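Letters are used for the chains, namely A, B, C and D, taken in the order the chains are written, and counting of residues starts over at 1 for each.
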Amino acid sequence: MNHLMQFSSSLQGYLAVGAMLFSLGIFCVLTRKNAIGILLGIELILNAAAINFVAFSKFRTGLIDGQIVALFIMLIAAAEAAVALAVILRFYRLKQTIDADEASIMRN
Amino acid sequence: MFPILSVMTYIPLLGMIVILALPRNNPNLVRWVAVVATALPLALGVYLYMHFDRTTASMQFVEQFDWIKPFNIQYYMGIDGLSIPMVLLTVLLSFLCIIASWGIENGVKGYYAMFLFLETGMMGVFCALDFFLFFLFWEIMLLPMYFLIGIWGGKEKVYAAIKFFLYTLFGSVLMLLVMVGMYYYSEPHTFNLLQLAQGHQFVGKTIALFGYSLPLDKLFWIGLFIGFAIKVPVWPFHTWLPWAHVEAPTAVSVILAGVLLKMGTYGILRMNYPILPEATLWASNFMMILGVINILYGAFCAMAQKDLKKLVAYSSVSHMGYVIVGMASFTTAGVNGAVLQMFNHGTSTAMLFLLVGIIYDRVHHRWIVKPDGSKGFGGIASVVPVYTGVMAIALFASLGLPGLSGFISEALVFLGAFSNPKFQTYVVIGSLGILLGAAYLLWMFMRVFLGPLNEEHKDLKDMNWRETFTLIPLCVLVIVLGVYPMPVLNLMGSTLAKLLTLFS
Amino acid sequence: MNKVLLLAEILTVASALVVGFHPNILYASVFLLFTFCGVAVMFLYAGADFLAGAQIIIYVGGVTILILFAIMLTQWLYKIKLADLRNKMILPAILSVAVAVFLYRALHQMVATLPLQTPEALEKFTSTPKTALMGHALLGSYLLPFEAITILLLGAMVGAVWLARPE
Amino acid sequence: MAQQALLIALFPLCAFVIQALFGKKLPRHGDFVSVLAIFGSFVVAVPIFTKLLTQGHVFETFQVTWMALPGVEASGKLNSAANIVIGVLINNLTAIMLIMVTLCASLIHLFSVGYMHGEERYHLFFAYISLFSAGMLGLVLSDNLLTFFMCWELMGLCSYLLIGFYYKKPSAINASIKAFMTTRVGDTMFFLGIAALYYVFGTSNFMELYKALQQGAGHDVMIAGFPALTFIGFMVLMGTIGKSAQFPLHVWLPDAMEGPTPVSALIHAATMVAAGVFLLIRMFPLLEASHTILPIVAYIGAITAFLAALIAIVQVDIKKVLAYSTISQLGYMVMGVGVGAFAPGFMHLITHACFKACLFLCSGSVIHSVHTQDMREMGGLKSKMPITFATMFIATLAISGVPGFSGFVSKDRILGGALAYSMEHQGHYLIPLLGFATAGITAFYMFRMIYMTFFGHARDEHKHHHAHEQPVTMTIPLMILACLSFAIVFAGPTGIESIDHMMPVKWFDHALEGAQHEMGIAEHLSPEAEAIHHHAHGLALILSLAVAGLGIFISSITYLKHILKAETLKKMAGPVYPLLWNKYFFDEFYIGILIQKGLLKFNHFLAVFDDKVIDRICVDGWRDITMGVKSIIGRFDDVVVDRIMVDGTADVTAGGGWVLRQFQTGKVQHYLVLTVMVIIVALFYANLGLK
């Protein structure tokens, strides 16, 4: 238990959590048919990245830069979520579904 | 100092933003805004032309400041004798194309927005002196082109657009790799093209790849050359060109042939030559062979085409071959001729594409010989005399008739290339292109314009004022530069002379 | 104190698992909220107080709510079952695990190449409140990206409104 | 004076611009603009010519830098070595050419006013013909090969435009494109010759070239495996062969008769085709220096002269007869230059221009009057068109080599030169042989033409009935040109040197001596050579008189007195007749085999190759490669391979929507899977690298 706690507050712990979130995010993106589900996965991936930046900032560099980048990631995620949801709504209005497989009209 | 180059580059971008903000139901307003947004750079281009110092080879109208400090990336714009003809060509053709696109009815807003964006990209490419900036503009240009072909194109537009995109993307990837490589192997790390060109930095260095130790400068040269060769297009990377030209709307074909193709040769002269002169000399033979292949291959293929626009497209392949031959000759006359040919081909081929577009607007086909074997046109000279006259000028300029611009540049190219004893045999073979050029163009002229009138087209309308307006400036340029080419030649003389010192 | 962090991490991963696997999209989004909260706690423990706050405000207060809205707008709660039809899962599962493993290994090994501050400096950095520091950084050396992201946000907002506008 | 001389070319050029832009709106469709312009040129040319006559010598130059191409020296300074300098050169040759061209052109312009009256595109006719005059005069004035070539090509363009003037007629446009392309074969090689000249001598200026040659430059340079001088000489000769319609590129000139008759007179008889010979004369020092080229020139000329003359016998189209006769006479000039009889060659150029222009204009007058070109439908026009008949008869006497007329003088001298050449150089007996044979044949077919056209009874009553003499604007040019066909204009009253050598004024010979001196080819014959020449010229005089007399005699008994039937001659010729009638099957060979079987097939092959091999296989073929990979892996996993590898990888690498349309799902997640795979691979390598 102690060992685990030691690990959890180390750099490796942060990285491990980040990697897990990242892979779950990818899994989510790849498997969900629902466009909103895909969006959830993307949010996870972005958060995983943010965690890594913050971790490096704390355990290695001791500079504010990592946190700044994490902040930017959040902002971009927010923007992306807004646009993506707008697109989904639009798509829903067009097709009465949000199944991503239906979004293949680009295929020509 | 007034940042004239940046202003010229970004006015179209501003125009694009304005256009996007305009209401959709007033296409004429959109058009006029686009006209203004291209006329201003044209006016500034005239200013540039007047105030350009012809006696120096150094960069002029320079704007330079740090942009992304940690990577030593600069915002560095400037023009010398090599870029200014291209800049002038860009602003002129963009302006004319905006007018020539008046007939676009679908998605006017998007079309003009994309077009203006394209002009920004093109201007940027010709003005950028920082590799990173150059690459950025190079990619910027790709995007609107893709949409312009893919949305406003002809029947096979999507195929053509994707083909264009993937081809050029492939070239861009190579260029990106070389860019990064140059950055890392230069000392100090820099993207500045002028600094990279100093001190033969890459000669003698090697890089280990796949277990082989390869000479760095030759590797860079090949990477860059392929990247640019796709744009030129050098055989065998040319197959996107007929597709893109044929499917693109008229004005886009004009820009494509008039400006975009020149970026390839411009890039080679701007990067390969000064940065990697040793590798350039090493590859000169190879370039010469490719140039000659281009000339002949393009001409032969053009002769077999049944589609008017495709014929013109292949003739571009052939004519860009002259540029390669001139460049690879390393003689004063040859290199001057090559750059002049870049300019002259820009004007004459633009005329040809505009003219083909005009006839396509009228009759909605471009067949010299229809797929079923019947004649597409024939004898229309009697119904559209003015059109025929202008076509004849464009045609004769293109086939290198003395007194029109094409001759001067071709003559210089051949005089120059022949003065290099290494290449005389190639020139002798390449000169066949002069003959073939005349053959396919005149044969086309005969089948389309002369002979008994094809009754299908007896009601063909001659050019209207707008079409005439787009063609007159080009006509004048073609004739004036054919008689007295100094207005363009003296822009570039000093710069090219300095460039050639690297190879003597 | 480490216990709290450990708990937060477990919470994060566990709820992320739910996000990844739960067939019902509604559940998944609610658990995404917990994941965000867990991450916020992790930020706090990493000395990123401002970020933790931002995480709560932006993600928990903004993004998740937006997602829930979207679900309710598109999937009529009463009419359509919210179960998310799945694609084939084997390949994505393999891929995800592979990504996790390789990513972790790569980062782990890469860490050695990063500059390492003295423990004192790191401790001092962790304990400093970050709001002021971030403010200075944003309006100092990061001004240009900051402005760019402002424009991006504005553009996204306008774009979203335009996209979602009624016909 | 040299600057003013530029006006000679500029007047017609301005006329062209005015005519092309506003011609249609001017009164009379602006014909007076062109006519005045060319008369202006004539007026400017006269003082130059009188100066030549009074002082015996003119020499003026004037140069400007046309293109500045700065180069950098080792020291870093800019230099101007590569600059392209052009200018005007006026010497004896120029002066004679100028007066000849402006005079012929003026007269032909004047003739055209009547001949082309009422034609559609009348103003364009004058625009083109003015442009042509500008080109020809520019060529004569050029002091360097580059502008010479430009004008040369410009004339080619005008020739193209004017041959295809009746552009609705398929035969006319075919002839025009044939003329342009055939001459361009020669032009292209000529241009290579200019490029080579630049390489060897660093200039294309004639005077500088002569100077360099006198200093013995260029002998040790090789180009593409040949001695440079031979290479240049051959390329220049090719230019001449194209432009002056020499064997084997002579095929275009007869077809060029599709153009209006004044065009044939001006372009295809008097000036443009002679420009090729003028080129040889200008480049004579170089040809001489290369040693190997001159015999080739001589043979080309002799063969052309002979073959073309033979074809002319069987022609029934009056203009075609003249066309072949032009080819034949041009062959004489080329032969003259080739055997070193440089001055007689040039003289023949001038005399031929005058009498051939006259012949063409006369034929035009006849055609205008009877509306046919077929001699079988003419006959008995002597009384109906007396002036035309008289002038044409004089010109015919001149071309046949009857003493007292100009053609006799020049032709006799060429033949004498050829004979002397074969005496000096053993084994070249074919040249004078062909030359003398041609002289006889020429006399024969020219008189045949005269007899068929003007004598005998009218074969087509209707046409004969409507025939009439032409208005004065058309007959005056005929008369002036006929006057110029007398020997006295050039040499003496009879043209026979031994009689005429008491004549005090022999302006032509003096002028040519000066020119030769300038070029550094002044002849200093050894006494033996002098003797040979004297002997040869005496022999040539007798022989040429004999063959010409024989030709006229046979022609008279066949076509005038009908003692000998033309049919009998035809039978005697046997298989030669169809060979001549089909012009030795040159057209069939060039068009049927070289172009249609060769070039067009090859083009088609390349276009298909481009489309199918390069585009489809090499570029789009990546799809097939990935498809192949798929079939090797087989049914490893339907989902992974079929849906992802093919849908994803194959399409993206395939490089084309052709694939995309057929195999692409368009589903986001399939692409994402691919992306993730790439990421994994990248990470995997990152792991390896970090070890």
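Just so we're on the same page, a contact is a pair of C-beta atoms (placed from the backbone, for glycine too) under 8 Å apart; a residue touches a chain by one contact, two chains touch by 3 or more.
Fair warning: this is a prediction, and the values are worked out from it, not measured in the lab.
Visitor: Could you run down the chains that neighbour chain A and chain B together?
Guide: D
Visitor: Please name the chain that ends up farthest from chain B once chain centres are defined by their CA atoms averaged.
Guide: Result for the farthest chain: C.
Visitor: With centres defined from CA atoms, tell me which chain sits nearest the overall protein centre.
Guide: B
Visitor: Approximately how many whole Å separate the CA-defined centres of chain A and chain D?
Guide: Chain centroid spacing, chain A to chain D, equals 78 Å.
Visitor: If you average the CA atoms of chain B and of chain D, how many Å lie between those two points?
Guide: About 36 Å separates the centre of chain B from that of chain D.
Visitor: Compute the distance, rounded to whole Å, between the mean C-alpha positions of chain C and chain D.
Guide: That pair's centroid distance is 82 Å.
Visitor: Could you give the separation in Å between the centres of chain A and chain C, each centre being the mean of its C-alpha atoms?
Guide: The mean C-alpha positions of chain A and chain C differ by 6 Å.
Visitor: What positions in chain A touch 2 or more of the other chains?
Guide: In chain A, the residues touching two or more other chains are 26, 30, 108.
Visitor: Mark out which residues of chain D touch at least two other chains, giving numbers and ranges.
Guide: 657, 660-661, 669, 673, 676
Visitor: Could you say which residues in chain C touch two or more other chains, in rising order?
Guide: 87-88, 91-92, 95-96, 99, 103
Visitor: Taking all chains into account, which pairs touch?
Guide: A-C, A-D, B-D, C-D
Visitor: Could you please specify the touching residues of chain A with respect to chain C in the complex?
Guide: 4-6, 8-9, 11-28, 30-34, 36-37, 39-41, 43-44, 47, 50-52, 54-65, 67-68, 70-72, 74-83, 85-90, 92-93, 98-99
Visitor: Using the touch definition up top, name the residues of chain C that touch chain A in the complex.
Guide: Checking each residue of chain C against chain A gives 2-3, 5-6, 9, 12-13, 16-17, 19-20, 25, 28-29, 32, 35-36, 39, 42-43, 45-48, 50-51, 54-55, 58-59, 62-63, 66-67, 69-71, 73-75, 84-89, 91-93, 95-97, 99-101, 103-104, 107-108, 111, 114-117, 121-122, 124-126, 130, 133-134, 137-138, 142, 145, 149, 152-153, 155-157, 159-161, 163-164, 167.
Visitor: If we count contacts the way the header does, which residues on chain D are in touch with chain C in the complex?
Guide: Interface residues on the chain D side: 639-640, 644, 669, 673, 676-677, 679-680, 683-684, 686-687, 690-691.
Visitor: Please name which positions on chain D make contact with chain B in the complex.
Guide: 66-72, 74, 76, 78, 81-82, 84, 146, 149-154, 157, 160, 164, 167-168, 170, 173-174, 177, 180-181, 184-185, 188-189, 191-192, 194-196, 198-199, 223-224, 599-600, 602-604, 606-608, 610, 614-615, 618-619, 655-658, 660-661
Visitor: What residues of chain D sit close enough to touch chain A in their complex?
Guide: Per the touch definition, chain D meets chain A at residues 657, 660-661, 664-669, 672-673, 676.
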